[in-house]
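Okay, so chain A shows up in both of these, paired with chain B first and chain C after.
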Partner chain A sequence: MSASEMPSAPSSQDAAPPRPTWQVVLVRPETMTFLLLIAGVFAGSQLSPFFLDVAYILRSFTLYSEFAIVALVLTMVIIAGEIDLSPAANMALSACIFAWMQQAGVPIPLAIGIGLLSGLAMGALNAIFVIGLQLPSIIVTIGTLTLYRGLAQVIAGDKSIRVPEWFIGIDKVMIGGIPLPVVAFILLAIVLGFVLSGTIFGRQIYQIGTNEVAARHAGIRTARIKTGLFLGIGLVAAIAGIVTASRLGSVRYDLGLGGELQMVLMAMLGGTYIFGGRGTILGTFLAAWLLVIVSTGMIVANVLPAVQLVVLGVLLIVSIVATNFIYSRTQR
Partner chain B sequence: MNFLRTLLVRREAGIAVMIVLFCLAVGAVKPQFLSLDQLRIILLLTPLIMIAAMGQMMVIVARHVDLSIGSTLGFSAMVSGMLYRFDVDWFGFDVPWWTGIPVSVVVGALLGFGNGVLIQLFRLPAIIVTLGTLSLYRGLTFIISNAKQIDRQWIPSEIKGLSQTSPFTFPEFLPIVGKFNIPWIVILAFGIAILAYLFLMHTRMGRQIYAIGSNPVAAPLRGINVTQVNLAVFTISGALAGLAGIMYASRWGFVNPSNTGNGFEFQVIAAVVIGGVSINGGVGTVLGTVLGVLLLGCVAAALPLLGIPGTSQAAIYGAVILLALLIDRTVRRQGIVSLKRVRP
Partner chain C sequence: MTDPTNKAEPLLSARGISKSFAGVEVLRDVDLDLMPGEIHALLGENGAGKSTFAKIVAGVHRPTRGTLRLNAETVDIPSPLAAQRLGITLIHQEPISFPDLSVAENLVLGRGSGSPLSRVPWAEIIGDARRLIDLLGVRIDVTRPMRGLSIADQQMVEIARALASDSRLIIMDEPTAPLTPKEVETLFGIARRLRDEGRTIIFISHRLEEVRALCDRVTIFRDGSKIATEDIGNLTDADIIRLMIGRPLKEYMHRGKSHIGEVALKVEALSLPGYFENISFEVRKGEIVGLGGLVGAGRTDVARALFGVAPAASGIVWVNGKVVHITDPSQAIREGLAFVPEDRAVAGIFRTLSVEQNITAAVPRQIAPSGIIRRTIEKAMAHDSVRRLRIRLASLRQPIGELSGGNQQKAILARWLLTDPSVLILDEPTRGIDIGVKAEFYDMIGELAAAGRAILLISSELPELLALCDRVLVMSEGHLTADIPRADATQERIMSAAVPQFREAAA
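So, the complex of A and B:
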């Protein structure tokens, strides 16, 4: 017996009838991102005949893949109701520690390990302040952002540290015609997408973001999960930092400078709700491609880098206005 | 006795003690730190931060944060710099030297107002909006300037003089303070601080800022026009960042599209939070903020004397922010405990 055959008189107690599927899909922010992505590809192909070269787009994606990888984890952090502005600085410090170690003669695998551990430690410091000491993550991560970037400057000074020749060029390694960092991004998106939507742990992240007090009363280990998320983003940022070191061939303290904007932008463009509890990995995944298409399109169209800064800023504001609007129109 | 206890409990006293201890500690290692020359260096390091910190403090008291002030500073300074550079091309005459000051303030106020409109109209978190406008305003600075620096010869000497000359000097025959002078921009910064104090403590809107920060839900119920106050707060923050912009041109004698004001917001936030302004809103005083700025100035002045390279400055600012957060939390906890004790 289906619900429509239930012989009950409608009353105010009844739940509202479910929306038709097409409506539910259409008002999702991810749909907006997807439509923008298609529009971006179309506009780009009008601007330049070379734009629709898939290999070129994939090559361009390697420039953003490190930020995109971190943005996936950042999405989970934002869904849990927190924010982390420090991963770009974390990337710089991890990469500097790694480069400095290997220059001092430490074998590369060990140096990578130390770099990753330091990234984990940076995530742990954020977690101590945010979860242990109950301080707002916004201001804590502004502080750690300054601290990590500053420590990177202490280690590297104003010089750049070179990495060995064979270590350079992870973005040139192809797996089935796709650069390795892009493959890593796609794989991580699939894994995290599954974790977030298909596991108890993932659903608990949404619950924490929707109402942390209620989540705690429902027996969810909120502190443990949020600590895990901060440790995770610290580790992933360190990986991204070392990948960037391999792509650039040298490390400076200003590696990934301003990356926090692009990471937050990817999450926001993908429809992650800034106040927590809503958002998907799919959205961030699409938004990362959208950002690459927009940036590459601007490069192809010979737009000044300064104008690109303006476009990024406007995009961030527009995306957050649109997402808020969509969520305010659909029932919570 | 009661008075003494109040004094000890107040945050400002704690910061003042920290400043004294820090200066004595540095002075013990490097005696030349405790000299009038050094005081002048410290005072010259602080005005830009102090002016912008007054605005940032109001924003944080109202439970927001403004990350865009560094770019606002850069943009306003660039507009004034271009006015000096191209005035003959545009208007056919040389603009008077002081035009940059009102122009910078108005431009900054407009940018701040833009932040306020976005935040208030769409109910968006200030941190994300100002992260966006940080990038937006910086990009606009590049666009209007065509990515070219305004060089030293274009800044009027009167503007540059503001950070070198002084309205008064102590007579030379005085033993210690002879030849010591306080440049105009330092006086201006303290003047702004006094105005901020009067505004926050003695006007209706000033008190309303604290009310909003203490309880954003209750404030509108008590008849406070939250939209108006928040718009005012962001406009003031932008205007003061604009004033800091023309002071940058005065202090350094150039305006660069990428360097001017870059990372400035973190110094200002560091100064404000170490000055005892609570990031949970509703708590903070002008005196505390001024002391926070001076403490940062002392640290910045001590680094080169102690042989610590300038590259470590950013790390120290970051550590200072985290330390201030820890102190803030401890103080707040004790406040709650003492409140509980008072209750029967």
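So, the complex of A and C:
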């Protein structure tokens, strides 16, 4: 073999040129969510003159605010490469435990504390299966979703448990004209948005979701971070459950039934990548508003409930296809 | 034995076969004729290209350039199934089969007769299977599931499958490695019979004795090129080894001696059953210790154990004179270890994340003293790394997956240099990297040692080990078989310690 055999290949070491800045900024799933949101507002305003009433939209959002709050944390769980389908059931069980305790004479603050602790415990149980036993989170949380909902029914039966008058109406508490649950959602979005993009914890969530093996090799404590996320979503789900109890004035085992789908829908619509490693809090924030606009828009327009479901289903599928398309284009 | 080269028409003739993976050329302009009725050995170091060539013939990979002619007709082999239709079968070292199906079912796999709803003709299948197994002269109950058969018997089933589709060309990729001597004899007997029936066999092995005992001709690969094709009788063992490894040492691989200080890493009786046994060695500050051996000898497993990815079951490790029990990479980093893993895509890079994030991944405390990322610090650190290691990129914010392999590897090295490690473990650091960038890596490794770091360099490339290392350790089948000082190290000595049967012959 002589030196002349060395191929005069084009210098493959040169890096590919970077994508133009406008593409990096504009071709992202959040942009799609934002455009859909604008389209939704426009369509809604055409359907009904009352639609552009901000107070009306805020009131409508309150109905979704508990799910939206949990969806923010769920976004982080999905970015880390896992999923949790149990938080809606967790909401119901935490709320039932809280309501049952206070009905049995436990002081309300203590009952709330126990409700929150049980939410934490539910998150811990998920973590034990997913992180300790290395089982796939989708299967584990489908299991615990059924388990938690079942336990809620065991505790509450099929009766409603009432909560005291003074505890009712967190959604009527206004801060600067905005209902308290919506304020909480906005504040949490700001905090988690910062955590995810500006802290080591957030950075490592992306790294774990992108390549867990590489993350471990880089000394990232993957188990610790994932456990933290499952505990976090358990606790936040319990808070959301108790907020729901205050809004509804009573607790039944079917509180938040089917909510896990709304949460996943918000995360997906916001461009969170189902296989992990990509997504933003901003996306989920926008998607929550989009979902409310679309749902209320359809109610205002007197669309049949069955058709409303179809529209939501189509939205979910379109969002997944679009997100995947955008990511595969930019992935190389 | 007939002389196969006398027959005019080759069964298969390859012309100008080249293959690149992700822009890295692994096979270059290979011309090779395979005659009917010959057993043809492919020899070469790890990564020389022999397996890639075999896989191209078997339809596993498609060549980037070049043509294959089968019985004087140009053929395209897009898949293993197409290869099988053309009468080419690849027998894997660890047979790929359906372990829960019976031997007979595995034999008729892919035959697919009748409509999806027609009844399965069990009696016919079992009868055919018996006949095929009998042809090989081995005794296997065809109604038993594959699981539970010995590897040798599983290989027999694969060979029987090759006969079932009347293959003219059977490729055996290191078939003897997991076999006992007696099983090897049976396999050879069958191979010879198949040859006498006029079939062609490609035999890939590291074991020269076996090649000598079985094969008619050998082709030697080195660095992705075909070096020679000869009748086995015309070559001595020394000739073969010289052809396999005999590349001139490059100028750039010369390095000055660095000051060798106290022991930085000491390992005693490290064992992980099934992977490695009783490994003891030490690496001093400023010293580069090579760890050579064949793929699968357990070198990577030792590195993974030291770094806490897959901890060892027993043994003692000292880092800078202190006994450590490392069970997690984060702990290893705290003790001053760093590990550049072999498989960059799986264990190294975060493909879709920015180069910057990839570089600073192992030093969260430095870029975020309070948990909140300080962008200016991070940017400065990443920028400094890019400059020092001459990483070629368009932007620090670019996903690392857009960089070439060599620049990705530099970024991973940069990640570990930021942790300021006292012991650096490099596992095949130059694999899949262009020649020019390799030279830069050799310089860097030399500089790191000169700066007083202890370096454990795992490499399958002998010239790399010889040129860079102060000492070369060699592993073979989970054991440390040699510790050769620089002055005595030759490619032949390393090879003979690495290749299993050489060791047995010496013992």
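Keep in mind that, in the parts below, the second predicted complex is superposed on the first by the 320 of 332 C-alpha atoms of A that agree within 3 Å, B and C clash if a C-alpha of one lies under 4 Å from a C-alpha of the other, contacts with A are read in each partner's own complex, and residues count from 1 in each chain.
Keep in mind that, in the parts below, a residue touches a chain if its C-beta (ideal position, glycine included) is under 8 Å from a C-beta of that chain, and two chains touch if they have at least 3 such contacts.
Please read these numbers as outputs of a predicted model, since none were measured by experiment.
Student: With the two complexes overlaid on their shared chain, look at chain A and say whether chain B and chain C clash or fit.
Tutor: These partners fit in the superposed model.
Student: Between chain B (first) and chain C (second), which does A:Arg216 come into contact with in this model arrangement: first, second, both, or neither?
Tutor: A:Arg216: touches chain C, not chain B.
Student: So after the superposition, what angle do chain B and chain C open up at chain A's Cα centre, nearest 10 degrees?
Tutor: Once the structures are overlaid on A, chain A sees chain B and chain C at 70 degrees.
Student: Which partner does A:Glu260 contact after superposing on A: first (chain B), second (chain C), both, neither?
Tutor: In the superposed model, A:Glu260 contacts chain B only, not chain C.
Student: When the two structures are overlaid on chain A, which partner does A:Ile317 contact: first (chain B), second (chain C), both, or neither?
Tutor: A:Ile317 sits against chain B, while chain C stays out of touch.
Student: Figure out whether A:Leu145 sits in contact with chain B (first) or chain C (second), or with both, or with neither.
Tutor: A:Leu145 contacts chain B only, not chain C.
Student: Of chain B and chain C, which one touches more of chain A's residues?
Tutor: Result: the larger residue contact count on chain A belongs to B.
Student: Regarding the shared-chain residue A:Thr199, is it in contact with chain B (first), chain C (second), both, or neither?
Tutor: After superposition on chain A, A:Thr199 lies in contact with chain C alone.
Student: After overlaying the two complexes, what is the shortest C-alpha distance between chain B and chain C, in Å?
Tutor: Nearest C-alpha atoms of the two chains are 6 Å apart.
Student: Give me the intersection of chain A's contacts with chain B and its contacts with chain C, in residue numbers.
Tutor: None.
Student: With touch defined as at the start, can you tell me which chain C residues reach chain A in the complex?
Tutor: Going by the criterion above, the answer is residues 23-25, 28, 222-223, 225, 227, 247, 307, 309, 328-330, 332-333, 339, 341, 346-353, 357, 361-362, 364, 367-368, 371-373, 392-395, 397-399, 401-404, 406-407, 415, 434-437.
Student: Note which residues of chain A are touching chain C in the complex, please.
Tutor: 1, 5-7, 9, 12-18, 198-201, 203-204, 206-207, 210-211, 213-221, 277-278, 327, 330-332
Student: How about chain B: which of its residues touch chain A in the complex?
Tutor: Touching chain A: residues 65, 67, 118, 122-125, 127-129, 131-143, 147, 257, 266, 269-270, 273, 279-280, 309, 311-319, 321-322, 325-326, 329 of chain B.
Student: Could you pull out which chain A residues touch chain B in their complex?
Tutor: Within the complex, chain A touches chain B at residues 83, 85, 129, 133-136, 138-140, 142-151, 153-154, 157-158, 253, 258, 260-261, 264, 268, 274-275, 304-314, 316-317, 320-321, 324.
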